[in-house]
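These are the structures in question, set out in turn.
One chain, chain A, links the two complexes that follow: it is found with chain B in the first and with chain C in the second.
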Partner chain A sequence: MNDMMNIPEDNQTSLERVLCYLQGKTPQRIACFPLILNHAARVLGIPIGEYNRNPELMGKAHIAAYRRYGNDLVLIFSTTSTLAEAMGTKLAFFDEDAPQIDVPLIQELDDIKKVIIPDFSRDGRLPCYLEATEMAVQEIGAETCVSTVFAGPLTTAAALRPIELFVRDLHRNKERVHELLEICTQSGIMFIDEILKRNSLPIIVEPIGTGSLISPRHFREFVTPYLKRMADHIHAHGSGMPAVLHICGNSRPNWKPMLEADWNIWSIDSPVDIGEAREIAGSHVCLVGNLTTTNLLKGTSAQIDEEARVICEKAMGSPGGFILGSGCEVPFDTPPENIDALILAARKYGRFDQ
Partner chain B sequence: MDPKERTAVITSLVCGFLGAGKTTFIKGRLKRSKERTAVLVNEFGILGMDGDEIGESRSLKVVEMPGGCICCSQSENLADAIRDIVRQIRPDRLLIEPSGVAEASSVIRVLQGIEDIQLESVVTIVDAHTFLEDIQPHAFGSFFMDQLINADTILINKIDRVSADTLDAIESEILNVNESALIFPVCFGSPDLVLPQAMRAVLKESIFMSREFDSMSMTLFCPLGEAQLNAFETKLKTGEFGNIVRAKGIFNTAGGGKKALQYARGNLSIEETASSISARLTLIGFCLERKNLEEFFKKGVAFESL
Partner chain C sequence: MPRLREEILNDLADNVLNMREDLAVKAAKEAVEAGIDALDAINNGLVVGMNQAGELYDQEEYFVPELVICSDALYLGLDILKPHIKAEESEKEISCVIGVIEGDTHDIGKNLVKIMLDVSGFEIHDLGRNVPLADFVEKAKEVKASLICLSTLMTTTMDSMATVIEMLKEEGIRDQLKVMVGGGPISQAFADSIGADGYASNASQAVTVAKNLCNVLTTA
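What follows is the complex of A and B.
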């Protein structure tokens, strides 16, 4: 009770808080980005399977989640395979789970010629994402930062091909991989344009770029150049929006080639130490993270508070900026009070007004 | 420490990259298993089980768990899937085949947090034909090494496709990263497959594994003394534990120290060790008699007085 009484009420909206980072100003307190993705369906009380296929429900779910939690970033997203789906990979859908890859398009390498650059008004569930984005921007875009999330070129390519074959292709069929990455980059850049048109922030996720899957050498060859093109495009056409990249898992081995891709904000996962990220990358990027998602799902509010306190202790004052967040997607069934605890922790430990 | 109660389902993790032979290994175990076995696989349709392959009078449940984002939130899906299998199907045994690019250590961490199961063994299968290319430092991310480092049994499969020198090189590379695992060359091919003459000359023991090959690991909770080790060697030779081809382990002695044991080509050798690995025994062979082994090693020092 005493703690709560000592925490000042927020005197900025979510959007004002986030804009401080872009404008080089100090906010009242750090922003907080619980990565609420499919969990939004729980807030609206609808099955995940309906959330991720119905644009109106997807938009309403994220609006409801923002109204409930006050998260400083809204993320329109359902699965990392959405762009690949529009380009030809078949997904399987479930009532209470995110869609999963069922049949990748490229079973033989020559199938690369079947890959299409999608029509964003028609293919896969891209229209669903874009309509949900429009809804969210219209309803809450003046209060909080709305973003639209999709997978980067490597992850999209890996969703177009069976993953183990793709990982092997990186050292056995380099030219074909580059051919595929080029198509995925072009598609991704076009998607960025569609997102920017709707005044939403494009966020790219590259989980396949994690250190457990690909080596730093392969990251530099197959990820950096394509991610850099996307970052450059956002810088050139985003009207000052930052380039925001999320890589899950143990991204640490690939931080050096990641820096070369010129992204402004890194959202990092709990297996890495945010203190070390600050040392290595903190002068170049704003860091977001990195509360353990299983803690969010199964921990107590006190445990979440303590983990967040330690993260803030390590990352507050990072030269490029720091935003407290979940290390990866907030699990579907996270107790709402645990997300509240994370945001409360940002208000407690992330203040600049003392 | 007391052994975990047997109500926990004995579980094996079978790891390996694309084409190493994980699925063939699992099918083989299922075909000859006398127990109700559940299999959890990471991808759709990967096992393609049919009546012939399953064999007769087996109660088998294959649970396919789609991959999704391989990094993070899937750990809870995996844990939930396992709890569901154990509580609803109640198998005697659980085999888990994660994605070929999964880090074994991440999966093991999840499994160790599930009370309903007891992780008995981690088997990693490698493809002899591609291994020396795959183990190059920049070929893959850390998953490949992680699967080797965390295995207690490493099977070098498809040895019919490599020379004896290549096999030596493979074993040497594996020992560099995991010196405590039991490493064994296998060939999960047709029983009629004939090895090149040069290979047969080098490998003096029978290494043709159709699908009858099996492996198990167990924690050795009790210290072992000389009498019990002698009895162990006798029973290995008489077949009371099955047809054991190779065994390797670390055990505690009554005096509080540790020793290493190896069984190969019909001989048991014991030597001093400075290893800090906890007491464990891994065995490979045919028709392993698990219950006999577990009963035997429960006796421990008390054996000395028998």
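What follows is the complex of A and C.
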């Protein structure tokens, strides 16, 4: 409690705090984005398998999570394969886990012809995402930033094709990969429109573009041009909303081609050094990150506080802005007090009013 | 005029390293025709190229797709050369069971470790992904494994690694083998906390750790 006594009360709502970043104003303190995704089901006390298929429960879970934690970003999400699912990949569902890819659509290269842009009112769980989005925006959209998260073109393409074949296609069947990425990009842009229509912030995750997997050369060839189109679309039609990109793992090898794709906010994972990222980000990119998610699950509140303190030390004052967050998804069974500790750390170490 | 042994071995290595599958096959056939010992061609040709690819991966010059294509060239070459290995030459390899923990289907990392261990002289028994925990123990007993490699990318499944180690103890074979763990959420600290023998952060490091654990002298 000693900690708490020296920390000023928040005088901004969560939304006001986040809007400061977009309007070039200085907030009272930095925002905090624990990436609460499936963990929201735990807050509501429902199985993960119900959360990710029932729009009402998905919406309620995120509202409950926001009410419990006061996180500055609500993220409607279940898996990176959601768009691919709507385009024809079969997922396996579990009571207590996120869905996983079961049967990818494109077994033979010529199956690429079967891939079509999904119907957002009908296919897969797209209606579930969009209804949950509407619910969250209506209930808490005036207080906090609500976002809807889905995978970028490369990750969606990699979920439409068995991954062991897809990595070979990058070398052997480049033209077909581009053909597939084109459809994934068009679908993604339509998804962005559906999200914007509902006054939610579209966030793109591109984990297959991580430097843990593909080279900067491949990123430039297969990721940058497509992500650039999506960012341009958000800039043109997003009423001032920023283009937000999350890439997991060791993204460092691909930071330069990522910059070329023109995204305003990067959410980066714990394998990279946020101090190093700051050098690249400059005034162009606001950084979100990058607390180790395993520590959220396994560590103590004191350990979270210390790791967050070091991150803040490195990233505070970054010219493009800095938001404290988890490096990737908050693990389902993270003890709530560790999420509290992360948000408290933003209030302790991320001040602009002292 | 047949080319020198060194030239052919160099070709084998280069074609693996440079992802030229057709030429790796061609060089392997040439090695057979030139009467080069098959094990010589494998160990001092193909495997050299794959290890060089592993070094480039370590230096972030090569990434996953490059390593996969190199391994395709390697295995195509092996298909040509293996039938020509003289039976008495086959070395006794270290038996290794590898797989991705039940509940997780991400196997890119596991597959890279498998390839790099394979070319480093380990006899690999790959259980695939989403592997029921008891299968690791069963397979280890069946093949008298010296090493078990456990992989996971998910925080949801990492604790099952500890369960496998417990099961090995219950079966009374824990001290007969080494357990190496790896994957996104895994760290040296986690490996220590569950009583694993080794941890590696990537595929090429996995080879070094595995060799140390199994007391294999490094020849490179």
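FYI, the second predicted complex is superposed on the first by the 354 of 354 C-alpha atoms of A that agree within 3 Å, B and C clash if a C-alpha of one lies under 4 Å from a C-alpha of the other, contacts with A are read in each partner's own complex, and residues count from 1 in each chain.
Everything below uses one rule, namely that contacts are C-beta pairs under 8 Å (C-beta built on N, C-alpha and C of every residue); 3 or more make two chains touch, one makes a residue touch a chain.
Just so it is clear, the model here is predicted, and its values are computed rather than measured.
Steric overlap between chain B and chain C is present once the structures are superposed on chain A.
In the superposed model, A:V167 lies in contact with both chain B and chain C.
Of the two partners chain B and chain C, more residues of chain A are touched by B. In the overlay built on the shared chain, the residue A:I214 is in contact with chain B and with chain C. By the touch criterion defined above, A:T79 lies against chain B but remains apart from chain C after alignment on the C-alpha atoms of chain A. Contacts of A:G327 after superposition on the shared chain: chain B is touched, whereas chain C is not.
Shared-chain residue A:R68: touches no atom of chain B or chain C. On chain A, the surface touched by chain B in one complex and the surface touched by chain C in the other have residues 97, 100-101, 163-164, 167-168, 171, 211-215, 218, 248-249, 253, 293-294, 297, 331 in common. Within the complex, the chain A residues that touch chain C are 97, 100-101, 163-164, 167-168, 170-172, 211-215, 218, 248-249, 253, 293-294, 297-298, 331-333.
Remark: chain B residues 17-18, 44, 66-73, 75-77, 99-101, 103, 106, 133, 137-143, 146 touch chain A in the complex.
Across the interface of their complex, chain A is touched by residues 19, 60, 62-66, 68-69, 72, 103, 105, 108, 111, 155-156, 158, 184-185, 187, 190 of chain C. In the complex of the two chains, the chain A residues touching chain B come out as 79-80, 92, 97-98, 100-102, 163-165, 167-168, 171, 207, 210-218, 248-250, 253, 269, 293-294, 297, 327-329, 331.
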